[in-house]
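Below are two complexes that have subunit A in common, paired first with subunit B and then with subunit C.
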Partner chain A sequence: MTWLRALVPQTKWQATFLLVLFVFLFSLPAWGGDYWVRIFTGVTMWAALALSWNVIGGYAGYISFGQVAFFGIGAYTTGLLMQQGRDWNFFATLPIGAILAGVVAVIIGWPVLKLRGAYFAIATWALAEALMQVATAAGFTGGSSGMSLPTNSSTSFFYYVMLVAAVLTFILCYLLLERGRFGYRVKAVRDHEAAAESVGIDTTRVKIQAFVLSAVIPAVFGGIFAYWITFINPQSVLSGEITDQMVVMALVGGLGRIWGPALGAAVLYLINRQFLAVFGDTTSYIAVIGALVALIVLFLPDGLISLGSRARNMRLAQQLITRAIPRAAPPGSVDQPKTKERA
Partner chain B sequence: MTVLDVRELRRSFGGIRAVGGVSFSVGDQEIVGIIGPNGSGKSTLFNLLTGVVRSDSGQIHLNGRNITSWKPHRIARAGMGRTFQIPALFVNMTVKENLFASIVEGDWKAAPERADFVLDLMNLEHVPHMLAGSLSGGQQRLLEFGRVLMRDTQLILLDEVTAGVHPNLRKIILAAVRRLQADGRAFLVIEHDMEMVRTICQRVIVMDAGEIVAQGSFDEIASNKSVVEAYLGVPVE
Partner chain C sequence: MSLLIQTIVNGILVGGLFVTISLGFSLAFGVLDVVDFAVGEWVMLGAFAGVACVSWLGVDPIPMLPVVFVVFATLGWLVAPLIYRVRTSRYARPALMALAFTFGVATFARGTMLTSFGFDPRTVDIGVVHGTITIGSLHIPALRLAGFVFAAVATALFMGFLYKTRTGLAVRAVAQDKQNAGLMGINVKRISSLVYALYAGLTAMAGVLIGGIYSITAQDGPRYTLLAFFVVVLAGLGSVGGVLVAGLLLGVLQAVVTVYVSADYTLAIVFAVLFVILIVSPQGILRRGAA
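What follows is the complex of A and B.
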């Protein structure tokens, strides 16, 4: 099958990296202890959430500040369906939340994706705020008091559910955006909409498809999150801070790159947790994140993920690699003129 | 056989008439030039033909199909390709990715082979992995033209494709135009370079103030009084 072949790593380095990552993540509960399992449950969730924002923000070029709306839709769908009396199976609630989020994305996306830049950002932000007000005022959501879900005390259960969902999300996005025609369509729309139209791309349809993809992912993770924390209210699943985190993680990791959000999520979430562990509940973390974002915007506009390619392009790094592994460097590569190439 | 047939096409922006009742046709394997002073409506005419701007009235037929009011992507799929006055590239994608992106709605399986052919034809075979945004101005023109060639277009609209291009690169573009004409493609070319118009265009349309003031062979329009007035103005009595 073509899609299966597309998943085969292209280099030995990629294969080794993926194997180590796979073994590390899947064996973590066996040796990591509850604390680290909980931490990495968070890392995997935020990696997928940041990737979902990256689909619309990084790949399609539409800066959305309303992604939390879809996270909340997923969380409330799972919460409502698992209430006593309905007693839905947890796994059955996830696709329902995803479908609902997808439908909302189509309805909202049709008019809103005609806007560009700040107008689109404001429109999506307004959607999330409106949804938060509805959840706060409506009776069936429990209003500001929120709602409780059945409890499941197994840390490993949520870790593996989150991990499998995140892995599937990354595979889906990789196949669609990096190995398929859809990725070319989305990136073409991002770079020049009129030019994309001139080569036959239906830009309206592509934008809505990208928006739906970026909406379905947080809905699934919203559902898992709701069951994990066993209690949700508008503040915990519809707060604008959730979107902010997705944006910052994608930005720090690298916009428009498949691994960027995962890297950003891992770095920022680990820093956040360590700050909490060392300094307690402090706001100094926000100052550190602010400084980090400023540094990245100034010196690494393509995010932390670009460090690898930058290092490869550096003359010193090339010389060091040549000395260490003489056969690794192509002949004359050290003295070749520096050209701006895709990493 | 007529590839493009335009009848009484009109478009105004507010009170300003950009294109007023333009009619012309482009035949099979024909290269038709459109010239005229700045603001004469040439680029608006291209935008009307490609569906970027909707006409107020008039009809456009491509290969016998009425494409008036069609959306740009439908017109492109129907067989019309274009370049823009300012190169419109997918700047964050590589040269090869730009070519691949232009065939996503076409014969995808043939994309690698076709891309190699276009890279060779446009003399871009040494920069396939460079980002489009980092190419020189001339190379960007070549890539944009090459992107049109990735698809099976019957009519290609070139908007000042040789503007600001090095003479060597211009030769590549001209050779490609001739080769593609021989392969059965028709061209509609906006151009300010009269030498290029004289060299490749079998027929020339002259526009001024949104209207066609003359059309014919290059020699005919060069001796036409209206054309001289449109370009140089009317002498003071």
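What follows is the complex of A and C.
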């Protein structure tokens, strides 16, 4: 049971933090009121979605603009299986959606992960857009008018389902990426693919594994989301803005860090809800996240989480500088797609 | 049969504008080493500038094209150093961070325009060019023809700049090898800004004409980003010659699908083709070496 031991917090500070967080999150429905329970249902969902994007984008270093495709697959699987006549149990639909998304990720990932950098971003984006067009045009999905699901009006039911799923996601990702050999392999691929291959890592396989992991998680949450909002259409579960949010939250929180996405999701989702409450629409929120991403990239490339402690900041800066010395040359010489396309 | 010819002609006429957009985009990639996610937003902003010319200033957008160019080239000139800064920074993955930066700029532009103008579709009212020209059984809308003529002139000027001037030589040198270009005394940063400014101005001018041919909403930016991607992926990122063929091909493909299948499936089919091309030949099927 070494993996259980790996979950034990290493410092007192961590233990206190985790304890406070858990007590806060699990007791929220008892004292929070419906409004805040709903808000935090959203926060936990986005935290897990941003984390799933972080797996492929932050840990494996492949920017995907198509993760919403898997969210939509999960949502539509749950939606279709819970229609009248089939009447599946809600919890039974989640693994089906996850398996489906995993299979699609393998089929898509195998050719697409051979592409590098920008090509991968474009290919995944094209996949998601094509899927949205198909869902809008096809008959079985209900087209653009969407489909309704059976309703369940208990707010705390969805809160706890989201929370438990998110906690399990965090534990899974933490064990795999921060505590396991898999994490080292993935980071090795990100930092230097050719070097990773030369020490015997099957890079294609590792990349596909990471892609599948980052596809299965959004599928599960897509399923829960569909049941939560009880009505889905292509605009609500396949829109590119969902991917945008995942990317932005991971980026703002801190790429390649386990707690980054959660922090980013909490901050941005709360801002989002405030904008909705104050302005009545979220178009100005789009402008805000755009500006935020640009500013974060310019001034805080390690995300909000790097503000954590000054000491850690110093260490990080030191690391970056030592790493940057061989990279101080102009951009043409550094992982330039043109010369490494086929690598 | 005449419908097919009509469709292909229409497609080629619009394809010219795609060439104009993608040419700058492709060159900006070559010089800055960044895939610019904001390309479609420049088209959208250009179209809205055209709308503003008509409804606020009351002038026809065609004579205002040089003004649009200057305004957007200035904007591009201001944005470019930031992209350059991220691209040459000491971050772990500068290329991906630069991608994320242009994504942020694009999202900011879209959000701002959506907030100011809402989701209503708008059309640029171009009064100078209207009606259709009939040749035999062919009916050519004058505006599309004007768009094609504009695209041809802009492309010719751009190619002239690239291949006949010393600055153009410097641009091509930077696109080939930044380090050696720098050693030859070329100011890489200034060339990057220049190319990005030219590209932004050119794309915005094309946007005015696209806004006249199709209606456009503030959220249409990503659509044109994807179309520009399609062209450069087909051509091979960084290849200028391939863009000419690929842009016209895209125009024809889009027109044929719209007429013979359904406008609903245009993007889906374009994406499917893009996807297959990326998988079969990631370097583009028309690639004959970089600029």
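Just a few scattered comments:
Keep in mind that, in the parts below, the second predicted complex is superposed on the first by the 307 of 343 C-alpha atoms of A that agree within 3 Å, B and C clash if a C-alpha of one lies under 4 Å from a C-alpha of the other, contacts with A are read in each partner's own complex, and residues count from 1 in each chain.
Please note the rule applied: contacts are C-beta pairs under 8 Å (C-beta built on N, C-alpha and C of every residue); 3 or more make two chains touch, one makes a residue touch a chain.
This structure is a prediction, so every number in the text was calculated from the model and none was measured.
Once the two complexes are laid over each other on the shared chain, residue contacts for A:L115 go to subunit C alone; subunit B is not touched.
Of the two partner chains placed by superposition, only subunit C is touched by A:I63; subunit B is not. In the superposition on chain A, A:A195 makes contact with subunit B only, not with subunit C.
Here subunit B and subunit C are compared by how many residues of subunit A each touches, and C touches more. Of the two partner chains, subunit B is the only one that A:T203 touches; subunit C does not reach it. In the superposition on chain A, A:R181 makes contact with subunit B only, not with subunit C.
By the touch criterion defined above, A:E129 reaches subunit C but does not reach subunit B.
In the superposition on the C-alpha atoms of chain A, the part of subunit A touched by subunit B in one complex and by subunit C in the other spans residues 190-191, 341-342. Per the touch definition, subunit C reaches subunit A in the complex via residues 32-33, 35, 82, 85-101, 103-112, 114-115, 118, 177-179, 181-182, 188, 222, 226, 229, 233, 237-238, 264-265, 267-268, 271-272, 274-275, 278-279, 282-283, 290. Those residues of subunit B lying in contact with subunit A across their complex are 50-52, 71-73, 76-77, 81-82, 84, 88-94, 97, 100-106, 108, 129-131, 134, 147-148, 150-151. Subunit A contributes residues 181, 184-185, 187-188, 190-192, 194-203, 256, 339-342 to its touches with subunit B in the complex.
By the touch rule above, subunit A contacts subunit C in their complex via residues 61, 63, 111-112, 114-115, 117-119, 121-123, 125-127, 129-130, 133-134, 136-137, 190-191, 240, 244, 247-248, 251, 281, 283-298, 301, 320-321, 323-324, 327-338, 341-342.
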